[in-house]
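The structure is given below, and queries will be raised subsequently.
Per-chain numbering from 1; labels A, B, C, D and E assigned in written order.
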């Protein structure tokens, strides 16, 4: 199958993730949007690696996975803290610091 | 030429004095703000003595500098010192004085002790505040000396801006007016605004200095005034830079239409502060025009001269007219200064040796006369139970305080340039110089003399003649301290008025130099006319 | 055939059919005699707690486990390639991996000492 | 597959980063094994030692890097240029000062951090934790990790390492933001916003990196650039246009970190919500590191891009710079909260920094380096001062920071020294001569003008005039305005006492207090928070020492840099070589 | 021929794959039916009762009957369930469990009777086969989580969360134990791993890893003594409480297939896969390793492990949840890590040309050092207690008459149950140490 299709897919996924972050209101969902972006990047990296025929891209994917994991840990911790403090997981409720 | 670093000492000494002043009575328990406890009074006493002595030493040093100065070559910078400061920016610590600068240094050094004397009982007897006030004054003095002697544009700019901070605190922190904070901020914003725009020009100017091919860097003394003069500038750029510089200076030397901060300041600051501000600090503006704008941007200066002259004339008349309308005496004096600064600027932009030297001389005279007016007005106000500044609250003070009245009259007359007083000489010179170059301007400006007479005499009449005002009936006449202050100033006015020669020796050559630098020649017939008129 | 993943797809297809088919079949065949009690959540006869799904709160411990798991899962992810190429990477690989394991162990020890694994 | 050869690693090059990160790891172990009482001291010694150590390491590397022009590990995974080293020095120094501020417990004996950040605000559990006098000493390892990331951020040629460094410096900060002792809801919210936006930005950046890899088949910046430079290289034939998108996305990531408009929206919220010492740390160090990385990446890329692309890049920088300066100054002028105001000023400074680097040349790099140092000192000092100005309830219990501008009135009377220092920092930020800020601005603007961007310089000047206005306003407030009458006995302060302890409803009340308009006095209805802001007595707590030291150092630094900067300027000039292989 | 894979699938066509796939599914379903009977019968015997013996010979058809019954049962969907997910969950479970066998080698390449077509007795294989297995297992967890969550009921929710927690915990141990196999085999392809066990089955040199794997595979499959997600006593039916009919059947099926899966994996990775056991492997220089024989060995091994499952179930009691988690995190994982390190070091030493004797000496020295250290070491407090030693201790767990949790800075009085919990790693060491120095003193 044509490799570039994977690229298109990754771009689409990335865009989806970005839109999720920007539009959705549930923090967890927003958070998932970010993860989606990261994984879309992974897809792109791996595809490029295949195109260029070297493994750098795949190695990078590994690193990205680690970073994504770390982000999950930190982010989930913060979100859970807020959720426990306010019984709500909506972005809109987090507005004490309105500028 | 002596190798003794007169100027550096002149700059450094006030700082030392300021430090000493600020530190007096520190060991002792500092009295609570607003309450003059015994210890406070005592430390206040020591503080002001220390300050006064410091200021007097400065005066002595200035005298020393005068002796070291070679009047024969007043046009060249003397007592020069040059050390690299910020090589990366091509800035160096370079000081030196020509005649004009020296006179202005003398003016600043001379006025400060008087101001200190005048401020003897100010700040509501709050020792701490008085101490800080005096210290700040001395710091300001140091800056003023430095700015007059700076021969490096960067250095000049830095001090030019840095001066604002002590001045700002003098107005806002120690002022007496109700809106002093507003005045202070207004002053600061005006000056900083001008200053920052000037900064852009300074940078631009710096980048005009050709890069050394070898190192790819600019020379380490690129900012020396001498290195910046005579650069081949693109006319447009030159005009822009000139505009920026001129704007900054015009704001500083309050000139129509950017003078509006001045009356507020004079109204709200202490007379002493106003003296320093108007009589010395603002001279930096005119001084800058003379020593930076003209030599650095000759083309642009000539190009801009007509507009400048028009503005100058406007401010002459405008200041005078508004002065007449004022009810607040300090505000009034402020407006008179606007008018006088108009004269100075007019003189500078005549590009004739007579006119330029006239306005150089006038910087000195105006300093003295206006200083006298401010301080004397201050004395009058101090005598008013409510410290009112309204002319209408006074009356007939001549009878209760004859000396005050007399001296005030003399100072006033000098403000309207009565022949025989210093200001007359300079003003007539300005007129002569201007007549050669811009006859129309002179014709328009002459009425200002009449206006001046009006506002001075009206004020005098309202405050000092007629029935004695109820509130000032119990006022005492000037005490010894105040007599000294008044006496010195009046004496200076009279002496300079009767024998202006020596002083003029200091300004003539620099004037010719700047006229030459700006590339103008004295229009012959006018000089002839000058001779004629002087007979 | 060239691509070894195709058979997996085949198996997946069959598995999916089976999974769907079974449920479908029971849905078709099975009787339908519903009543409210039958459709309620089973809680030993007491009134069911409302909305166990949305507001269903769990002990915070579970989040802790989840996060710790992520860390170690990643560790495993890095261990496998190294293990497979163990002989190739030899000394350097081993050294690097030991450092890596040490670094992973530090937070493990931290969590341990701070009671992250005590379910009391 | 057997051609694997173990790479040679030049540990010396890694040392500045390595010291800090290793200390961080040790710090975690300390948390695990050292008994609670001893922890704080141990951590403190460890942290300060590590940062000092990395400073030393930088110093030791200096000559070598200067002579060789660069030093790198494993094809540029870590790549030190003089400029990088300079940034590292600045970051390490500022971090050192930042740790001092963090460490200070002031005369109240409480540091700025929650006893247990995990406790739900306002619960009995939290109170118990507070009474038990617990403290979250994890702060120090976290700061070390963040600092490590910052040191690595500008010091790599490998884009993926760049990304990892970005995360390493961000993640601890996200956590740190959530650990405030008071106004905890605000703090958590700040962390939350910072996290969401931050990870969003870094995801964008990551995708950009992926695209660079796609376009050039390498993640080494230098290599990528050299490949871009000769368009006939085979890898490029596939999709050259990716580069544009790539540069765009990467810049977004970096711009976000330096808080440049339009990616600045997080700055005020986060700076306000985070515990003030952390804010100081962030404001100073992150900006330094991020701008360093930005210089490295953009300058290097610019060298490789062809003319039109380079044009576009510069135009983009212009737009962003102008926007940032305008936003920063305009919004800053209407703030009623000190921390918010400082946040906006830091945005404005980001704009000035961009002005400095718009030339994409060494002069710009030099200006940036000096600017970052000057700005960092001033900002850190300013926030350090903020930590000492507190509210106080009727019973004389010291509460959280008094950040509402109205509460700063007459600070000069309360503690002249503090007010002087603060004014000094503000003046420096305003760029008044004889302070570091002036020379920094001078350098920045002259760099811009030299690069032909004089309109930018002019706008910069105008912007700084506006900025001057709001700095001066604060100075007036502190020095010239008499303090507000303290009516601490009309039932509002008990509320305050509860309030500043960070119960949820306090959070909300504060929130309303925060969102109030430029003129709280004029807007009719006073919410409880405003009443609080206006009324609660203000007290200046004495520092235990560290903060005082930090403030002094900053103040002295600001003045010295302002009066005798020659040495530092020479140093920055030396350090200005930002490309390993020369332009 | 795929690089890094021993088996050769080049001859297979899509149809061959289809046939194989169908065979696998059939095999799984039938063996599940058999497994259920097997378990019930065995447990019954262990408990001295007949067990199912009515339907068919030895009651063999019992489980078939059950299956039919389940198929005919009413399909209930509780009201406050999230319908789609509720429906999806069991399918996910069964779907994932069916996939694992795709890469399990039943034997070497075999010749189809009555044809000369030879093909590996394995659906497919690729260089990351084991990774694929783990992936399927992990995704299978979703079935449980979603099932429990979507039921909209408390017990299932708790059950599902529990099971998730335990599955992921034990997955780690499992994954770590696999690492050592990869180190030895140098590949993750199942066929290659089997290939690499020609001379020696890995469970001998890698005994610790094998043990860990066995334990964690029980945890992974939610079997007794680790069947906490569906602990009848605590959670009724656990995550499948609200399920009935075929949906329930799928969960049930998935669970038994999971057992088969892990057994097959264990067989493949540690027990030499389809290879004949030692004495038999020598017969006619390995003729028993060719043709259809291997199928036999393979099934034998798998069912051996199945027997182990049942045996454990019949013997052991269910752990308490905290004991269980503590065991997973504080014992299995540290041991697994340590084992990986040790193995790595020794393998490397082997590569570096260190001889056996040297290694042994090294081991002895290391042991001596450890003993010395442990001997000099002051006896440690149990790790559990330090967790909360911050702050002043002393705390009455029943202040005010009812139990209260400790707040930070307070320590629980040591629980009387603490003795009964599985001892953490270093406790074990200390025990050995004390034993040792007892001997020395003696």
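Quick note on the criterion: a residue touches a chain if its C-beta (ideal position, glycine included) is under 8 Å from a C-beta of that chain, and two chains touch if they have at least 3 such contacts.
Note that the structure is a prediction, hence the values are computed from the model and not measured.
**Student:** On the document's contact criterion, could you list the chains that touch chain A and likewise touch chain D?
**Tutor:** Chains that touch both chain A and chain D, as defined above, are C.
**Student:** Among all the other chains, which ones are in touch with both chain B and chain C?
**Tutor:** Expected: D.
**Student:** Let me check something: if the centre of a chain is the mean of its CA atoms, which chain is farthest from chain E?
**Tutor:** B
**Student:** Which chain's C-alpha centroid is most distant from that of chain A?
**Tutor:** Greatest centre separation from chain A goes to chain B.
**Student:** Skim through the chains and flag the pair connected by the most C-beta pairs in contact.
**Tutor:** C-E
**Student:** Whose C-alpha centre lies nearest the centre of all protein C-alpha atoms?
**Tutor:** D
**Student:** From the C-alpha centre of chain B to that of chain D, how far is it in Å?
**Tutor:** Computed from C-alpha means, the inter-chain centre distance equals 44 Å.
**Student:** Whole-Å distance, chain B centre to chain E centre, using C-alpha means?
**Tutor:** 93
**Student:** With chain centres defined as C-alpha means, what is the inter-centre distance between chain D and chain E in Å?
**Tutor:** Taking the mean C-alpha position of each chain, the two centres sit 49 Å apart.
**Student:** Using mean C-alpha positions as chain centres, tell me how far chain A is from chain C in Å, no decimals.
**Tutor:** 20
**Student:** Got the chain A residues that touch at least 2 other chains?
**Tutor:** 77, 84
**Student:** Quick one: which residues in chain C touch 2 or more of the other chains?
**Tutor:** If we look for residues of chain C contacting two or more partner chains, we find 66, 73, 85, 90-91, 112-114.
**Student:** Give the residues of chain D touching no fewer than two other chains, as numbers and ranges.
**Tutor:** Answer for chain D, listing residues that touch two or more other chains: there are none.
**Student:** Note which residues of chain C are touching chain E in the complex, please.
**Tutor:** Touching chain E from chain C are residues 1, 4-8, 10-16, 18-20, 22-23, 25-27, 29-34, 38-44, 48-53, 56, 58, 62, 65-66, 68-69, 72-73, 76, 79-80, 83-87, 90-91, 94, 97-98, 101, 105, 108, 112-120.
**Student:** With touch defined as at the start, can you tell me which chain C residues reach chain A in the complex?
**Tutor:** 60, 63, 66-67, 70-71, 73-74, 77-78
**Student:** Mind listing the chain B positions that touch chain D in their complex?
**Tutor:** The touching residues are 33, 84-89, 157-162, 164-165, 169, 172-173, 180-181, 184-185, 188-189, 192-193, 196-197, 199-200, 203-204, 206-207.
**Student:** Which part of chain A faces chain D closely enough to touch in the complex?
**Tutor:** Touch residues, chain A against chain D: 7, 14, 17-18, 21, 27, 30-31, 34, 37-38, 40-41, 44-45, 48, 51-52, 54, 56-57, 60, 63-64, 67, 70-71, 74-75, 77-79, 81-82, 84-86, 91, 94-99.
**Student:** Please name which positions on chain C make contact with chain D in the complex.
**Tutor:** Residues in contact with chain D: 85, 88-92, 103, 106-107, 109-110, 112-114.
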